[in-house]
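Heads up, the thing below is written out as C-alpha cells.
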Amino acid sequence: MTQNVKKKVKELLESGKIKGFLGLCQKNGHIGPHLFCDPDDLESMVLGDEERPGDSRYPLNKLLIHIARSYPDETFGVLVRGCDERGLKTLYTWNQLNPDKVIPVGVACPQELADACECLRPYPEEFVEGERAEERSSASVTKISGLDVKDRFTSWMKEFARCIKCYGCRDICPMCFCNECSLEAEELIHTGELPPEIPIFHLVRAVHMAGRCIDCGLCNEVCPADIPLRTLYKKVADIIDEEFNYRPGYSEGKSPLNILGSAAEE
Amino acid sequence: MGDCHYLYGNVATEKRVRFLKKLLAFSGIEEERLRCKWVSSAEASEFVEEMQDFTETLRALGPSPLKQAGAQRAA
Amino acid sequence: MNEKRKEKTEQPDDLRIGVFICDCGSNIAGHLDCSAVTEYAASLPGVVFAKENLYTCSEAGITEIQKAISEHELNRVVVASCSPRTHQPLFQSSCAEAGMNPYLFEMVNIRDQCSWVHMQEHAEATEKAKELVRMGVAKAAFLEPQKDIEASLLSRVLVIGGGVAGLSAAEALADMALEVILVEKEPKAGGLLNQINQLVPEGVKAAEYVERIIESVNSKSNVTVHLGTEVKAIAGYIGNYEITLQRGEGEAIQEKVGCIVVATGAVPLEPAGLYGYDGERVITQMQLEEQLLNGQFKAQRVVMIQCAGARVPGREYCSRICCMIAVKNAALIKDQDPEAQVHILYRDIQMYGTEKERMLWDARGKGVRFDVYDPEKPPEVKDGQVLFEQPIVGTKRQIPCDLVVLSTPLVAREGASALSQLLRIPMDQNGFFLEAHAKLRPLDFATDGVFLCGSARYPATVAEARSQGLGVASRVATVLFKDKLVTSALVAEIDPETCVGCLGCLDMCPYGAIEFVPEKGICEVNTILCKGCGCCAATCPSQSATLKGFKPKQLLSQIRAI
Amino acid sequence: MDYRTVPTTCTYCGCGCNFFLEVLDGRIIGTIPSKSGPANQGKLCIKGWHVHQFVQSPERLTRPLLRKNGNLSEVSWDEALDYTASRLKEITSAHGSDSAGFFASAKLTNEENYLIQKFARAAVGTNNVDHCARL
C-alpha cells in the first residue's frame, strides 16, 4: 500500500525538491511520525494503519510547524490525508506554514475510516495511494441535535464531568498553534478544579475551534475520558458553514470571524 | 450595521453572537438567554422595551441550567 | 507546549483607593441615598477614603480630590457621578496635577442610567448605585499607570482634488501658513465648475468664480500645485505621512505631510440607455450647461426629467443638487426666451433652504411648468414627445418637445475605491466616502489625520463644497497647530513573547494599526493609529493582543463584582 | 538539521505510557503520545503531555546534592554514594536495621525497583520499603 508514496517521496528527495519528508514509520514496534531525509531509507515507511485503517494517525502538519519555524527557508514534504490537507490549507491562512515550502503527498482514506470519521471529504485533492471513498455526513451531530434541550444539557454535562484536564485535545490539535492558551487563563477559567469548570472549559475551546477545526478527530482519539469532542467541533464547523458559508480547509481564505466587516462574507 | 463608533465593531460582534447562540443551543443552553440588540442613545423607549422583553423571556425560561448544575456540584 | 506566565489575580496589596460620590445637586441625591452609598463605598476592600460632594466637578470638589490624594496617599481614585463623556478628562487631569497617574482614575456613572432612570425607586436606585460603585472599585484595583503617547507632526498638508472644495481647503490652509501640496488629476484645476455655465442665486459665471480661487491659490508661495498628477502610494500615519505622486509617465514625486484632505469630488452619471439618451435630442443637465455656456442652446420646447437614474434600485440615494440645477436652467431658458416652453417632470422637488425655495417660486412665476410623475410609471421619450401619466387623476399626457434634458445624479468616482484602499478609509454603499460621524464629525474620517470635503462625501452645491473646504482647513488646523501629537495610552498591545504571528488580529483592525514584522514573526501595534477598539484583543486566540485599561483581568474583576 | 521522534516510556508513574519525544537539533521540543502504546493507546495524562518541559528544565537536578554545614552543594556521584554507604552503615550498626527505610519510585523500571527492595531486605535487613505510587 505504500509503494506509490515511497516512489513519490524518493523522487522528491532525489531531485532535491524537499529537504525531508514528514511521514510515518514503524520503529521499535511503534508506528510514529518520522522525518525521512535519505531516499534509501524509506523501507520502514507506513501509512498509519496498525490494526484498523488510520488508527495510528498523527498531527503531522502540526509537527511540520515545529520544524518549519527553525528552518523557514527549507521545503518539506508531508504525508496528507483529506483532513491533513485541510489542516495545511488552514495553517496557511494563519501564517503558520508557508505554502511555497510545503509539498503534500496525498493518500485517500479507505471507506472504513471515512465511515468511522463521518468525513465530509476523506481524500486530499491529489493523491498517489488509495481510492476515493464516499463522503459521510455526521450522524453523531444529528443525534445530539435531535435531543430535547434539557437532555442535550444533561448529556454534555455528563461528558464534560469526565474530563481530567490533560489538555490532550489541545496538545494534539494541529490547529492549536498558540504559545499561550486561553484554557490556562485564570481570568477565564477557574484553576485548581477537576473536572475543569463545566462547561466553560470545553465551550471556550469550542469557540476557539470556530472557523478553525478541520475535523481530523485526533482530539477525540487522544481523550482519555472519551468525551465526544469531535461531535462538538463538527457542530461548530456546521454552524460557521450555515451562518457564513465557510468551512475551514474546504473554503478558500480566512475565517469570517477573522475578516473585518461583512462585505467579504456571504 | 456598520454604523459603529469603532467602524465595524458591531459587525464583528454580530457575527460572534450568531455563532454563539447556535453553540449554546447545541450545548443545551437555551439560545434565548443570549440577546444582542443595537439601541442608540436616542432610543430610550426601544431600550426600555427591549430590556423588559428580555427580562420577561428570562423569567419564562426559569433559572439557568448552569446555575442548577453549579448548585448540584457545590452540594 | 505551554509555559505560561501566571498573572496574579489577587488584588494588589498596596491599594489605597479614594471614592468620591457626587450628589450632582439633586440630580443624583434627589433620587437615591448618596450618604448610604458613600458609607458602603468606604467598606469596600482597598478603599481608604470615601467622601460625598455636592458637585464633585466644582472647584471645591476637585480641591477635595486633590487634597485627599496627598493626605491619604491615594493611588486610585473612583468618582461616581455623571457620564465619563462629560467630566472624565477633568477628573483625570486633576488627579495628574495632584501627582497621581491619570490612568489610575476610574469613573462610575450613577446618574444617567441610575438616578435618572429610577426616579421613583429610591431604595432600588441606592442599591444599584452601590453595585455600580463596587464594580468601579473592583476595576480600579487592577488599573495600571500609563504614559500618554507622543509623536511628532509635520506642518504640511496634502489636498487630493483641485475642485472647488479642494481649492478652498488649500487656500484656507495656506492662509494659516501651513504648507500645502495640491494634487489634481486633470491638467486643469477647477473640477466640474469648468463645465458649468453660471451659479445660483447670484448668477456669477462659474468659470470666473473658480478662476478667482485658482488664482488666489496659485499666488500663495506655500502652495505647490501638481496638475495632471495622481497619488500612487501613501504610507505612514497622522503627523507623518509619506506620499508618492505620479505625473503621467514622469518620475515619481516623494512628499511628506502631516495630514491629508480628500476632495476628489464626484461625476455626473452618464445615462446610457435611459429615456433614449443620445447626447443630441436627449441630453444631460451637464450637457445643457455646456450648451448654455457656449451659446449653442437653441431648443424651443424643453422637457426636463428629474431623478433620471437616481433613487432607483441600485442607486437609491438622492443626489440633492439636481432639482436646483434643473430649476436654475429652466429659469435661465425662460429668461433668454420667454416664449420657450419648459416642462419639469419630477417625483418630488428638493430645494434646500429659503434662497433655493425662492428660486422655485420665481421659476413658476416665469412660466416653467412642473408636473409630478409616479416612479412606478416613469415618463417615456418617443418620437419627439414625452409621454407620462399624471398620478391621482390618471390622465395620460403627451408633451411635444425638441429637447429632453435628463437630471442625472452625481455618482462616486471609479477611482474612489483605490483611494479608499490607499488610505484605509471607508465608503458607503454608493461609493461615497464615509465620514466619522454624519452630525458630530462630518469632515473627519475615523482615521486620524485624514479629512473629507465636497462631493467626494456626498453631492454638494458649489457653496457647500466651498464651505466644507474652508471647514476642513480648520479641522486640519486643530491637529497641526500643536507642537506634538499626544494620544491616549489606552491602546492595544501585543505581547511579543506569546504572539505566534497568526495574523488573526491584522485583518480585524479597522484602523490598519497592526503590522506583521516578518523578521520577528510577530504582529505589532502602531500606537498612533490604534484607537483602542479592541477588535484585535477579541480575535487573538492566544490573548497576546490585549487592550490597555480593558484587559481581561480588569474587565472581569468589574463583571464579577456584580 | 536533525529532527527525530524518539519512542520512549513515561517515567512519571508506573503505568508505562509510551510516547515519542520530538527532538530538533538535540533539543526536546514536544511530546507525542504513541497510538500503538499498549498501556495508553495514544492517550496521556497532563503530566505525560508535559514531559518535554521538565526534562530540560534548568531547575532539574542533574548531579547529587550533599548538605554540608547546612547548605546543599553539588558533589560527585562517588562522594555521594560513599557518604550514603558510610552513614547507612553507621546508623544501622548503632540503631539496628529497622532504623533505615527505603523509598522506591514509579520513575524507576521494574528491575530497578526489584533491586532496591532486594538491597533493603537482603543487604540491610529491613522490610521498611515504600513507593511513591502508594501515596
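Order as written gives the chain letters A, B, C and D; numbering starts at 1 within each chain.
Heads up, the rule we're going with is that a contact is a pair of C-beta atoms (placed from the backbone, for glycine too) under 8 Å apart; a residue touches a chain by one contact, two chains touch by 3 or more.
Since the structure is predicted, the reported quantities are computational estimates derived from the model, not experimental observations.
S.K.: Count the C-beta contact pairs for B-C and for A-C, then tell me which is higher.
M.R.: The greater number of contacts lies at A-C.
S.K.: Which chain's C-alpha centroid is most distant from that of subunit C?
M.R.: In terms of C-alpha centroids, the chain at the greatest distance from subunit C is D.
S.K.: When the C-alpha atoms of subunit B and subunit D are each averaged to a single point, how far apart are the two points in Å?
M.R.: 53
S.K.: Report the inter-centroid distance (CA atoms only) between subunit B and subunit C in whole Å.
M.R.: Subunit B and subunit C have C-alpha centres separated by 31 Å.
S.K.: How many angstrom lie between the centres of subunit A and subunit C, each centre taken as the mean Cα position?
M.R.: Between these chains, centre-to-centre, one finds 45 Å.
S.K.: Can you compute the centre-to-centre distance for subunit C and subunit D, using the mean CA position of each chain? Integer Å is fine.
M.R.: 68
S.K.: Two-or-more-chain contact residues of subunit D, please, as numbers and ranges.
M.R.: Answer for subunit D, listing residues that touch two or more other chains: 30.
S.K.: Counting only residues that touch at least 2 other chains, which ones in subunit B make the list?
M.R.: Where subunit B meets two or more other chains at a single residue, that happens at 8, 12, 16.
S.K.: Which positions in subunit C touch two or more other chains at once?
M.R.: 1, 508, 510, 535, 539
S.K.: So in the complex, the part of subunit A that touches subunit C is made up of which residues?
M.R.: Residues 69, 94-96, 167, 170-171, 176-182, 184-188, 208, 254, 257-260 of subunit A touch subunit C in their complex.
S.K.: Touching subunit A in the complex: which residues of subunit B?
M.R.: Residues 1-2, 8, 11-12, 15-16, 18-20, 22-23, 25-30, 65-66, 69, 73 of subunit B touch subunit A in their complex.
S.K.: Which positions of subunit D touch subunit A when the two form their complex?
M.R.: 1, 3-5, 7, 18, 20, 22, 24-25, 29-37, 42-46, 48-49
S.K.: Using the touch definition up top, name the residues of subunit A that touch subunit D in the complex.
M.R.: 19-20, 27-35, 37, 48, 50, 55-58, 63, 66-67, 70-71, 74, 164-168, 171-172, 221-224
S.K.: Can you list the subunit B residues touching subunit C in their complex?
M.R.: Residues 6-9, 12, 16.
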